[in-house]
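Presented sequentially are two complexes of chain A, the first with chain B as partner and the second with chain C.
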Partner chain A sequence: MNVTVKLFASFRTGRFEIESVDFPAGTTVADVADRLKLPRTELGIMLINSRHVKLDRILAEGDTLALFPLLGGG
Partner chain B sequence: MDTLPIFVRDHAEGQLLPWNRQVEGAEQFGVTLAHVEEVALDRGILPSRYQRNRKALSVTDQLTLFRSSVAVIGCGGLGGYVVEELARLGVGRIVVIDPDVFEEHNLNRQLFSSPDNLGQAKVKAAVTRINAINPAVTLVPFQAAFSPENGAGLLGGCRVAVDALDSIQVRLELAQVCNELKIPLVHGAIAGWFGHVTTQFPGDDTLQNIYHSWKGGKGVEEILGNPSFTPALVASLEVAEVCKLLTGQGTPLRGRQLMIDLFSMEINIIDVCEGTRES
Partner chain C sequence: MPVTGQRERGTRMDKIARIDMGAAGGPKVTVGDLGEYAGLGGRAMTSLMVAAEVHPLAHALGAENKLVISPGMLSGTTGSMTGRLSVGCKSPLTGTIKESNAGGQAAQVLARLGYAAVVLEGKPEGDDLYKILINKDGIQVIVDNSLKLMDNYPLVEKLRGEYGDKVAYMTIGSAGERKLLAASIACTDPELRPTRHCGRGGVGAVMGAKRVKAIIIDDAGMKMRPPKEPEKYRDANRKFVEGLRKHPVTGEGLPAYGTNILTNVLNEAGGYPSYNFKGGQFAGSNNLSGETQAALEIERGGTATHGCHRGCVIQCSGVYNDKDGHYLTKQPEYETVWAHGGHCGIDDLDTVAHLDFLDDNIGVDTIEIGVTIGIAMDAGIIEFGDKEGAIRLVEEIQKGTPLGRVLGSGAAITGKVFGVERVPVVKDQALSAYDPRAIQGIGVTYATSTQGADHTAGYAIATNILKVGGDVDPLKTEGQIELSRNLQIATAAIDSTGMCLFIAFAIMDQPETFQALLDMLGSFHGITMTGDDVVALGKKVLSAERDFNTRAGFTKHHDRLPRFFYNEPIAPHNQTFMMKDEELDEVFNW
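Up next is the complex of A and B:
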């Protein structure tokens, strides 16, 4: 199953901006985050095909997943 | 005997009231600088200090700003710039809430901090600064931590609240208090080269949507820190939102989250409920 992963802000450091990745069927957003070594506590906005999703959402062929870090500073 | 309105009219130069005349009027009639400002604006006379606002804001808008009260919650990186810009804009009453004192690690970005005032309450330094740059506006300091218990009291009478906090939990509490009080909340957050801004209107669940994945603790600012330029930018965007909300013009970021990446120099807008609108 092919999925496009887009990373934003600090998630790009040492990783990538956009990449097409093959995942096994049943892969969740949490699985992708783990594979990219993105700590769960750092995850902020998560979108699939421009819609907000949660960590347990299962990806489908052709999806675009966008991940933004959690910002809370002032 | 002359009255203050006649004094203001007679000393206006091309519908502008010079600062020295504003001071003279306050002394002569035994009133505050704020009172002279309101009398002038009410008669279509603009204090000269605002003359470069004129193409963006009418004298009526300026009077609206002067008669408005805005709460700024947090007086650190974001809050310092927000308070400064609101005061220079001419917002008549600014409530600033922060329990902290300045520490050395604030000096890289917090506008009101200096080596001389380390250890001083941030809200006290804000009073000193605003009295120096625009004594016609009133700064109301509260050296206190915002909470659901004291929130309604602290924000009472304010038309808009500005989120300049550094705690996600307190941000969510503030968002709820604002909804209970039915006032809009301009929200900004930063970390490193990155930031975001949005405006929650009464009845919207904007902050709950933004932070739905939050389980506790801080965001990536704990790892990335905060350089000088990110709070200055995000604070300016927040003040632009406040100005539009108070004067009823322009298009605020309702339901839209502006995502700022100063490292890649990219700006994205996310629909707070639906997802990406533009990218």
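Up next is the complex of A and C:
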């Protein structure tokens, strides 16, 4: 199953901005975060295909997963 | 002929100065006690005074309007983050009441001089231009026609030659003098740059109508305002600062990347309006992002971390140098980058930074002008993505040409003049960088705010998109009315304290940091403050503002978004704005 993973802000440090990654079926957002060594406590905004999701969301073929730390502005 | 006000000293913020610019024989200064406005500051002061004293049907540029300048309730103290200055009046842009606040040094300095408000009243006959000097000896109003049609950067440079670097300057550029409806009032930052603007609603035009070009505020010889309970205040401030440093938004994200970190967030979430609200994402967003901007600032010898006033611990701003390493402008904010960037189909940060500098220099609201340029593009005056064209149009405003005057009067006027149907305004004030079709909660705030469309009035983005302070689905209508109501109440209160609104990220998530804020407010005045007191203050401010607007002729039918938000779905979510009119009418029923 191929998924596009995008990382932002401090999550990019030592990792990447965007990568196309193969995951086994049943992979969740939490599994991806663990694999990338992103501490759960630092996860802020999690989007799949522009919609907010939770950690237990199971990825599907062709999804785009975007992960941000907690952020603010305005 | 200088006119000198009553001589008074002291560190208590216990007086109000009224300057009648239209008095027979020249401007007249009267300094009095607080009277019915005792205990107020910031937005509470400006809005309650405008609501009580300005005729709701007054012409905003006429003698009947008043420009109320007020430091926040805690400004001028040792408290962190207390540097916001409120400016209020009837808005020439919206016709509603207006409160526009800015950072910079002015609030702290004015508060330490003891002024809870400085009120510009009346309107002089003739062409003379004035500057106002406020220091420990009183207030002088001085004719200075050598300042005519100067823009903010050269103006402040000239004034620094006369008054030095240990003062704060509030100025208007050529736009304010020309009474353009998007004109701002600039406040200088710690480096004396005119970069912090009371931007929204045309407050600069009201200052220009009163023929006041500059206010020089000098607190030499004055002390910090003393709290009633100094130890308690110091302790509460320490806990407050700890809370801000600990929270990931105020302690890490904002210092490292600034507000423009939101470009990628909003683009990924499909709520980033592009090409004058025709799309919800922008292909060039990565070139405009906060990550790209911060790296570029550091690479060019600027900085991505800078405070707009002394005492700020968040440091969300920065310094943007040009490619040769010379100062170009302060770090452009997210809404500025959006308005001149994706909204206009422009994906080049140097162009955006140049436009930000021009806006600050001329003295216009970056949101209103960016949105207006996009409307001019939609009208075919220039093409979307035309970088040089965008700069040329803003330079028209600087020159004061007929086209420049139209553009400088904002999105609604420009849309009418050029026959554009898709004009994103509420009460004639431009929406900003968040599409209400993809983020229903911010649409409620845009529609119902007392200020015209204003994302800061009830920043539903926090809960809808950023998941700070709770979690409400941005694509659904459920919970949005209550969310916007609560945020608008809280914001009206925070805007009165002098605190930067960005403290909200930390106080919404951390009860102990909210308690520290309550303890700061309480110990300063020697009372106990509760959350209920804060809510009551917010409601009092909003009620006064709503009452003024009602008397000025505004009804529930003005609390709506433009029709295209209800009729044109936007990608990627293919949704419209779905809040019902009857729901919007419930926002202020408490």
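Here is the rule we go by: the second predicted complex is superposed on the first by the 70 of 74 C-alpha atoms of A that agree within 3 Å, B and C clash if a C-alpha of one lies under 4 Å from a C-alpha of the other, contacts with A are read in each partner's own complex, and residues count from 1 in each chain.
In this section, a contact is a pair of C-beta atoms (placed from the backbone, for glycine too) under 8 Å apart; a residue touches a chain by one contact, two chains touch by 3 or more.
A quick note: this is a predicted structure, and the numbers were derived from the prediction, not measured.
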| item | value |
| --- | --- |
| More chain A residues in contact [chain B versus chain C] | B |
| First (chain B), second (chain C), both or neither touched by A:G44 | both |
| Touched partner set for A:L55, first chain B, second chain C, both or neither | first |
| Touching partner for A:D31 - first (chain B), second (chain C), both, neither | neither |
| Touching partner for A:A9 - first (chain B), second (chain C), both, neither | both |
| Partner chain(s) touched by A:L70 [first = chain B, second = chain C, both, neither] | both |
| Common ground on chain A, meaning residues reached by chain C in one complex and by chain B in the other | 8-10, 12, 42, 44-45, 47, 49-52, 66, 68-74 |
| For the chain C and chain A complex, residues of the former touching the latter | 247-250, 252-254, 256-262, 264-265, 268-270, 281, 290-291, 316, 333-335, 455-456, 459, 461-462, 465-468, 471, 473-475, 501-502, 505, 572-573 |
| Residues on chain B engaged by chain A in the complex (per definition of touch) | 74, 76-79, 163-168, 171, 188-196, 209-215, 217-221, 223-224, 226, 231, 257, 259, 261, 263-264, 268, 270-271, 273-277 |
| Chain A to chain B touching residues, read off their complex | 8-10, 12, 17, 40-47, 49-52, 54-55, 66, 68-74 |
| Chain A residues touching chain C - in the complex, by the definition given at the top | 6, 8-10, 12, 42, 44-45, 47, 49-52, 66, 68-74 |
